[in-house]
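After this come two complexes, each holding chain A, first together with chain B and then together with chain C.
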Partner chain A sequence: MATSAETTTAFQYPPHYSFPPFFTLQPVATTRSSQLQSWSTFIQSYCRHHRIFSLSLIDALSTPLFHNTTLSRQLALRDAKAILTWMASPEGGHRAEFISSGSKKKADESEGGRVWIYWRRPEEWAQQLEDWVDRTGQKGVVLTLYEIVEGEASAREEFAGMDMELLRMSLGVCVKRGKAQIFSSGGEGEGVKFF
Partner chain B sequence: MDRRRTPGLSSLSSTRLQTHHYTNHGAKLRTNTAASLETQLSVFQSLVHNFALTHSKDIRANPAFRAEFARMCTALNIDFLASSYHRDGKPGAASKSSGSSSSSKSGESIWASLLGGSVNDFYFNLGVTIVDVCRATRAENGGLISLTDLRGHIARGRAIGSGMDVSDADIEQAVRALRPLGGAYGITTIGHRKLVRSVPKELNTDQATVLEACQVLGYVTVSMLCVNLDWGRPRAVAVVEDLLAESLVWVDCAAGEKEYWSPAFIGGAV
Partner chain C sequence: MGNSGSSNKISAQDKAILDMKNQRDKLRQYQKRITVLTDREKAIAKECLARGDTNRAKLALRRKKYQEGLIQKTDAQLAQLEQLTSDVEFALVQKDVLYGLQQGTAVLKEIHREMGGIENVEKLLGENAEARAYQEEISELLANKMSNQDEDEVEDELEAMERELNGPILPEPPTKQPEFTPEQKAQMARDRAQRRARERAAEQEQRAEPMLA
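After this line comes the complex of A and B, so read on.
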C-alpha cells in the first residue's frame, strides 16, 4: 500500500512538527481543536506526498509521521487514535475512516487497526476518474482496474498507483452516480465502463 | 527723488505718497512670491502625483520603497494615512490636482485620489489581513502573535497570489489604523519581542514574566520558575495553569517534568 518508492523531493514538514508540545494532545479545548486541525492537515499532506492511502496505526507510530527523532517526541497510540477519530468525524471533515476488517471490532481496538486517510475522499476520486475518462476519450471503453491504476495512460494522474480497495470504493461512487458500470468477470480481471 | 527735500506742506503729502508707493510695491512683491510659490507647489504636487502614479506598483510591492516614500511624505508634513480621516489636512490640494475630477469628491483624501486609494487601502487591506490571521491562529496562540510570525503568515498569504511583502513598521502602522474599530487590537511588548494582541485583555505581571521567561528557551517548567524567580510552587502552578487555559502556552508531557511552551516557537528556533 505504502508505495513511497518515488519520493523524489523531500517532504516539507510543517512548522508544528518541530514544536515539542505538538506531540502531546493539549488539555484545553480551544488549543486542542486547533492542534487537531494542524495534525489533520499534516497527516493528509504527508500521505499525499508519500502516496499513502491507508495507515496501520501501530506501524505508523514509529514512522516519521508520528515520531520526530530529532526532537525525540512521539505521539502516543491513544493520542494518535484520538486525532484520527477526530478526522473521521464530521468536525474533521471525514478525512479518515477506520477500516473494519473481517474480524470483529474488538481486535481493532487493541492494536489500533487500519485507517483510510482520505486526502481525497472517494467522491473526489470518482470525479477525477470521470474527468480523466472524459478527457482521454475513453467513454464506452472497457477498462480493467489494473489498467486504471498501473497503465501508461494514467501514469501522470494523481490516482496512479492507487490502492485497489479505494479504487473500488471510488468506482462504486461512479456507479451510484450512474456514470459507470463495473463488470466482475470473476477472479482478478475486473473491468469498468464509463458512459 | 528730488521731491524728498521739498519744503513746506507739500513735504507731508509727498511722504504719504512715498509710504503709499512702498506699501504698494511690498504688496506686489508679496503676491508675486506667493504666486510663484503656488506655481512651485502645484508643479511639485503634479510631480508627486506623477511619481505616485508611475511608482504606485512599487509603493505597494516594495516595503523599503514604501518606507522611503512615507518618510518623504512625513518630512513634507503629509500623513497619507491620516489624510484619509482629515481631508482638510492639506488645504488647496484637492482643487489643484487637475486631471482627476474625483479629487473634489467629499470624504476622499488627496492620496486616495492620487493613487486610486492604493496607499491608504494598502494599510486597510493589511489591517484586514492581520485581523484574518489573528482570528485564524487565535485558538493556537491565545490571541498573541509575534510580529515575525504575523509577517510570515502574511507573506504566505491565504489564497494564491495574495501574499504581501511587508515590514514590521507596516504592520504597526496597520494595527494603528485598526484602532478606531475598538480596543481589541494593539501591540504589546514582552521582553524584547513585539506582539500583536487581538484579544481585549491585559496580562498581569506574573503572566508577562512567565511569557518573557518562555522566550529564553522556548519553554518553562514549574520548577524553573520556582528556582529562578523565587516563587512559591502554588504561585508558579497557578500562573502556568492560567496561561494554559488561555491557550497562551502549550503543554508538553513527553519530557520528565511538564514543559510549558510558548506557541511563538512553532517553527521557531529551538
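After this line comes the complex of A and C, so read on.
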C-alpha cells in the first residue's frame, strides 16, 4: 500500500540514497550487513515520515523508496525481498513481517507479497495507545476501532490513519497485558475498552 | 472511573454504547463518501462548463446541491447520536457517583454505630467536662501551694536571666576631667582621713580577735 499520506515537509533522504552502489546488494558479508542495516533504517524512517504501515513489494519498487529517479537506479525485486527478509529476522530486530494471505501463496511468491513495516512494533503501538488513553482520560470508555484511527480525538496522534489490521494486532497486545478488552455487540463494528 | 475498575467485564451498557458509536462511525463514513461525490460533481461541472455544455454542468451542480443537503441532514443526525451517546456516558458517570455516595453513607453510618449514638456522645462529653473540672480544681489547689517566697525566687531568677541576656545598664562614661571647688576638695580630704581611721580600727580589731578565739 504505497498511498503516501499528505506530507507536510519533504522527506530528508539519507546521504547513501544518492550513492549508486547502495541500490545493489553487495556480496561481501560485512559490507552487506552494514548495507542491510542502512536500508532497514532508511525504510523505517521513510515509512514513518509517509505514515506507511505496510508495503506491497511490487508497488513499492517504483516508489521513491526503492527507485532513485535522479540516479535512475532501482533496487531489484530480489534484493528488496532480501532486505525485508533480513528486517523480519531477529538480526533485523523484527522490523518487518511478511503478511501471509493464505490461499494465494503461489501468486504472492512471484510478486513479493505484502509486508508490514514496523517502524513501531505492535507492542510499541500498544504502549502508545495505552498512553494516549491514559492521557486523555478515556479509561473505561468504549471506543470504536474506527474512532481510534479516524476520529478527531486522535487526529494528532501518530496512530491516526493506522492500518486497521495493525491496530487490531496492537490492541491484541493490550488485551494480553490485561489493559483492554475487545468486544463487539453482534454487529460488524468492534469496540475496545481500556482499563 | 469509580467502580468500573473492579470489573473487567463488558456490560450491556458498553455494548449499547458501542452500537451507538458504530452508528456514528457509519454516518461519518457516509459523509466522507458524499463529500468525495460532491467534489467529483464539482469537477464534472467545471469540465462541462469548459466544454460549453451548460446543461450537463447544471445537472452536475444540481446533484451536488442535493448531496450537500444530504450531508446537512446527516450532520443533524450525527449531532443527535452524539448527544445521546454522551448522555448515556454521563448517566453512567452519575451511576458511579451514586454508588460512591452510597458506599460513603454506609461507612459513615457504620462509624456512627460504632460510636454508639447521640446519648453515648452526650454522656461522654458530660464525663469529659466533669473530669476537666476536677483537673482544674487540682491545678488550683497545687498552684496555691506555691509560697510567696517561691514566687520571689522565681522573679529574681527571671531578672537575673534578663540581665544576663541584655547585660547590665551602665551609665555613660564621663568625657572630661572632673573639676572640683575648693570646698569639695577639703571635703574629699576629710573623707579620706576618716576612711583611713576606720580601716586602722578594723585592722586592730582583726588582730585582737584570734586571741579571743
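Please note the rule applied: the second predicted complex is superposed on the first by the 187 of 195 C-alpha atoms of A that agree within 3 Å, B and C clash if a C-alpha of one lies under 4 Å from a C-alpha of the other, contacts with A are read in each partner's own complex, and residues count from 1 in each chain.
By definition in this document, a residue touches a chain if its C-beta (ideal position, glycine included) is under 8 Å from a C-beta of that chain, and two chains touch if they have at least 3 such contacts.
Everything numeric here is computed off the predicted structure, so don't read it as measured data.
After overlaying the two complexes on the shared chain, residue contacts for A:S33 are found with chain B alone; chain C is out of touch. Within the superposed three-chain model, A:K193 lies in touch with chain C and out of touch with chain B [touch as defined at top]. Contact with chain B, but none with chain C, is seen for A:Q74 once the two complexes are overlaid on the shared chain. By the touch criterion defined above, A:S89 reaches neither chain B nor chain C. Of the two partner chains, chain C is the only one that A:S184 touches; chain B does not reach it.
Legend: residue contacts after superposition of the two complexes on their common chain; A:T24 is shown touching chain B, with no touch to chain C. When the shared chain is aligned, no partner comes close enough to touch A:T136: not chain B, not chain C. The residues of chain A lying in touch with chain B in their complex are 14-16, 18-24, 26-28, 30-31, 33-35, 38, 71-74.
Interface of chain C with chain A (complex): residues 1, 4-5, 8, 10, 14-19, 21-22, 24-26, 28-29, 89. Every residue of chain B that touches chain A in the complex is listed here, in rising order: 137-140, 142, 219, 244-245, 247, 250-255, 259, 261, 263, 265-268, 270. Against chain C, in their complex, chain A makes its touches with residues 139-144, 146-147, 150, 178, 181, 183-189, 191, 193, 195.
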